[in-house]
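Heads up, the thing below is written out as C-alpha cells.
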Amino acid sequence: MSAPCSCKHAEEESQNGKLSVLTPELQKEFEDPNHPANLICELCRLFYDNNWVTGTGGGISIRDIEGKNPNLVYIAPSGVQKERIQPWEMFLVELPDEKILRTPNDIPKELTKSYKYKPSACTPLFMSCYAMRDAGACIHTHSQHAVMVTLLFENQKEFSISHIEQIKALPKLEFNETTGKVEKVGSMEYYDKLVIPIIENTPHEEDLTDSLQEAIRNYPGASAVLVRRHGIYVWGETVWKAKVYNEAIDYLLELAVKMKLAGIPLVKEE
Amino acid sequence: MSAPCSCKHAEEESQNGKLSVLTPELQKEFEDPNHPANLICELCRLFYDNNWVTGTGGGISIRDIEGKNPNLVYIAPSGVQKERIQPWEMFLVELPDEKILRTPNDIPKELTKSYKYKPSACTPLFMSCYAMRDAGACIHTHSQHAVMVTLLFENQKEFSISHIEQIKALPKLEFNETTGKVEKVGSMEYYDKLVIPIIENTPHEEDLTDSLQEAIRNYPGASAVLVRRHGIYVWGETVWKAKVYNEAIDYLLELAVKMKLAGIPLVKEE
Amino acid sequence: MSAPCSCKHAEEESQNGKLSVLTPELQKEFEDPNHPANLICELCRLFYDNNWVTGTGGGISIRDIEGKNPNLVYIAPSGVQKERIQPWEMFLVELPDEKILRTPNDIPKELTKSYKYKPSACTPLFMSCYAMRDAGACIHTHSQHAVMVTLLFENQKEFSISHIEQIKALPKLEFNETTGKVEKVGSMEYYDKLVIPIIENTPHEEDLTDSLQEAIRNYPGASAVLVRRHGIYVWGETVWKAKVYNEAIDYLLELAVKMKLAGIPLVKEE
Amino acid sequence: MSAPCSCKHAEEESQNGKLSVLTPELQKEFEDPNHPANLICELCRLFYDNNWVTGTGGGISIRDIEGKNPNLVYIAPSGVQKERIQPWEMFLVELPDEKILRTPNDIPKELTKSYKYKPSACTPLFMSCYAMRDAGACIHTHSQHAVMVTLLFENQKEFSISHIEQIKALPKLEFNETTGKVEKVGSMEYYDKLVIPIIENTPHEEDLTDSLQEAIRNYPGASAVLVRRHGIYVWGETVWKAKVYNEAIDYLLELAVKMKLAGIPLVKEE
C-alpha cells in the first residue's frame, strides 16, 4: 500500500551512478531495459509481489534469443533476495556446453560488496529446458498454489484440469517426427485437458535434473513440471511467453485448489 | 511491494519519445490521458493487479461517447499481455457496421516490432453490448470469483444475491416500451435481488455471441453476463460506470463464494 | 503489480496546473498535504487497495481539529469513485448546526466537469459520531470481513473477541459522569473483551442514524458500529487514530472470520 | 492499486527539506539509505503491505553491525503507525547495558510535532535476541498466519513442519561447546523438521521476556519464537538475513494453516 516503489527512472538514475565502475560495454548493456539481465530484475520484483520468490526462493533464467548470440543464457544467482537483484549479479552461461562466460564475482567490488555469488542450484534444470525444449526462458517459483496442488493430490503423478477458459492461454505442443523436436502447433482449447507432471522433491535441487528430464520426455505436451512440496518450473519460447504461461498456470493452480476444497472435480466428464 | 510502478510521468516521458514516429494527429490523441486508448491501458494495468486479466486473459473496450464521433469503439487486441498494452495497439471500429477504421498493424513497425495483431475474439460480444444496450464501455474479466460462482452453482442458469449494501452501486434498468430500449431508472435498492444470467462457455469465444445476446434480451435488468468456467462481461453507460459496476459485482461475487462455502443463503428470505 | 501509482510529486505537479482556476485561498489550502481535504484523498486511495471502498462504496470524513475552526468537517461526496476523488470535491460543513459552508458544486466547472455532487448519505451518521463522541474523524468501509462477521453471527446483536494482542491497539473508553462525556482512559488490554454492536441495515443509509445513535449510547466502550450486510463505521479522536482503530478492528474481523470457520471460539474462557 | 507510493527520490527531496533542522551529523546519517534508521523505515513500509504491522502493531530493531560501533541498536518507537515512521523517530540504545543514547524526544519539535515517544514495549525482547544469539536484527510481526497457527494448535508448545522446500531458506544452528554460543553451521535441509517454540502471551509485552529467553535457551536450533494469540519474533545475523528468515517462516506458517485446514499433516512420516 505505502510500500516503496521502484520507479524505472529512479532506478536508472541511481544505477547510472553505480554503473560507472563497469566497463563501457557492460554499462551499455545494462542501460537497455529490454536486456535479459534487466528483464530478470524486473520480473523477479513482479514475482516477489505474488509470493512466488519470497525468502530468496525461486528464480528465473533468460536466453538471449534476440541477441547476437542466442546461445547466451542469463541466470540469477543462488540464495539472494530475488526482488533486489541487480543486472550485474547474473551468471552468464553459453549453450550447449554450459560454459560459464561471466560471473558476478568478476564485477567490481564496489557493486557487489565482495559478496561471493554461487550459481543457482536450478542451473541444470534450466539447462534441461533449454536443451530439450529449445526454451527462450525458464521460470521457477515456490508458488503456494503449486505446492498445495501437489499436497492435495499427494498420491498422483500428474495434475490435470479441463474446461476452464484460461487453459487457452497455453500452447498446444506436439512431437514432430521429422525434426525430432517438440513444437508448438497452436493453442490449447477450452475443453482440452491440461496435464502437468508432478515429480518428487529431492534434498538437493540439482538432483531433480534426472526426474525433470524424464518428465519433459514423457510429457511432450507439457510446458511445466510441478515439484512436490517445492514449487513449479515453467518455460516458454520467449521470456514473455514463459511469463504468460506461468501466470495462466498459476491462475489454474489457484482455481484448482479452490475447486478441490469445494469438492468440484478438476476434470469435467462430458 | 517492490514491484515496478508505472508512474504517469515516467510513462509520458518515455512515450513522448516513442510517439514521435506517429502522425501528429495520433500523437495528439495519445497525449491525452483521458483518451479511450489511454484509459484502456490504465484500466488494464489496474485489472491485472486484481488477477482479472493475467496471462493475456480478459479485455476491455471503450466507445468514444464524449468524442466527436460517439460511434467509434476502441478495442484491445487479442492474446497480448493486458497490463503492458500501449495506446497505439488498439483496434478502432465504427458502429453500427463494425467497420475497422484502424488496426495496430498500420502503426509504424518501430512501435509494434512487426507483431501481427488480431482483433480480440471478444469483439462480437462487445459489439452486442453496444448495439443492444447502448453501452459506453464493456469489460471482460477472468475473475476467479466469477468462475467459482459458476462452478459452485453449476446447475443454475442465473446467479442471485440480495440484501447486501453493495448491490446499491448497480443500476436499476427497465425496458421502456416507448423508446424500445432498456433504460436506467435509478439505482438498485439494498433489498433488491441482483440477478446475473449464466451462459455456458463455448470452445470459441465468438460462438458465445448468440447466447450472450439471448441473455441480454431475457434479462433486461442485468448489467452483466457470467460465462460458466470462463469469467464475466460487464458493461455501463460510460467507462467509469462500467468500472464501478464491475468492481461492485466482483465484490458481490467474492462475498457470494464465501457465503456459499460457509452455508449462508445468498438470497435472504424475508 | 504494474498498476499506476500516484506519486505525490506527480500529483502535485498536475494539480498545481489544475488548481490555478481556484481562488488563491483554496489553492493554498490544497497545496498542504496535511489538509483534511488532501488526507481524505490519500486515505481513500489506501482504503481502495484494501477492497474497503471499491465500487464507490464507503467513505471518510475528517474534522479540522487542528485548524482555526475545529468545527469544520470535510466529507467526501456520494457515489463517486473514492480512490479518484480530488480535494476540491469535498463538502464542507460546520458543527453543530451542520450548516453547509461549501459544496463541490461551487467549484469552477473546469475542475468538476459540471458533475452534480450530492452530499454523502453517510453524512448524518458521521455527524452522530462528531456530536456524541467528539470524534476527529469517521471512517465507513464495506470491508468484506465486517460483512462476513455480521453474516456468520446473523442472530447476534454484537461482535465480541478477546485475548488477541491486536486488541491493545484500541482505546479503553469510559463514561465520565462529571463531564457527561465518553472519554479515553487508556488502551484496551490483551485479555479485555472487545465488543462492537451490530445494527440492522436499512434501505436508505440515512435511516441508520437512529439505530447508530442508540448503539453509540448503549455501548460507551465502543469505537465502532457494525452494520449487518453492509459494513462498519469507525471513529477516533484524530484522523490518524481513526485510521489505526479501523486497521486494528479490520485485522480482528479478518481473524474472527478465520477463527469462526475453523471452529475456534472468539472469546476465550479462562 | 492506486495507492500513494513512496518513491525514494520523492522522499529524499521532502526529507532533505525537513532534515535541515537536524545537526549536520544526523543529516549525514539519514541521507544514507542503508543506515539502520532508514532501513527500519523501508522495511516497516514493506511489512505494512503484508498486514504484519497494521494498526501500529509489530516492529523492528536493527543493530549497526557494519558501523563503527556494532553495539548500537536502533529501535522503532511504541504505538506509532509503522509504515509512516521517519529515521529520526528511532530510539538508539547501546549494548550490553541497554543505555539509551538518543531518543526521538531529543529531536527538534518541527520534526516530531512535540509527540512524546515511548520506547517499544518489545525492547527487552529485542535485547534478548541480541544478547543470547548475537543477532544483527530482530523483527516482530502480528502476522495472521502466525496467530492462526498458535490457535489451530492451541494445546501445543511448538510448531513443527517438515519436507517443504522453503525450509531450506532457514539456517541450521548448533550450540558450540567451545565458544558457548549458538552458531550457524549451514542451511536446513528439505527433509529437516523446522521447530519453532510457542510461548503464551502475557498482558504486558515486556512480561514475555522470561518465557522468550527460556524458549531461546531450550531451542538452540530456532531462529524464531511464536507468541500465542499475538504474533512472532524472528531474528538473524544481519537485517537482510532476518528479513529473509521472516519471509520464509511466514510462507511456511501460511502454508501450514492451509495444510491443517485441508487435513494434511505438517510433519511427513517417512
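Per-chain numbering from 1; labels A, B, C and D assigned in written order.
Quick note on the criterion: a residue touches a chain if its C-beta (ideal position, glycine included) is under 8 Å from a C-beta of that chain, and two chains touch if they have at least 3 such contacts.
No experiment lies behind these values; they were computed from the predicted model shown.
Asker: For the two copies chain D and chain C, is the contact made of the same residues on each side, with over half of the numbers shared, or of different residues?
Answerer: Under half of the interface numbering overlaps between copies: different.
Asker: Which chain has its C-alpha centroid farthest away from the centroid of chain C?
Answerer: The most remote chain is A.
Asker: Based only on mean CA positions, could you tell me how far chain B sits from chain C in angstrom?
Answerer: About 31 Å separates the centre of chain B from that of chain C.
Asker: Which residues does chain B have that touch at least 2 chains other than itself?
Answerer: Within chain B, residues 1-5, 7, 46, 49 contact more than one other chain.
Asker: Could you please specify the touching residues of chain C with respect to chain B in the complex?
Answerer: 1-5, 7, 10, 13-14, 51, 54-57, 81, 142, 144, 147-148, 151-152, 154, 201-203, 227, 229-231, 261
Asker: What residues on chain A touch chain B, complex-wise?
Answerer: Per the stated touch rule, the residues are 3-9, 42, 45-46, 48-49, 83-84, 163-166, 169, 189-191, 240, 243-245, 247-248, 250-251, 254-255, 258-259, 262, 264, 268.
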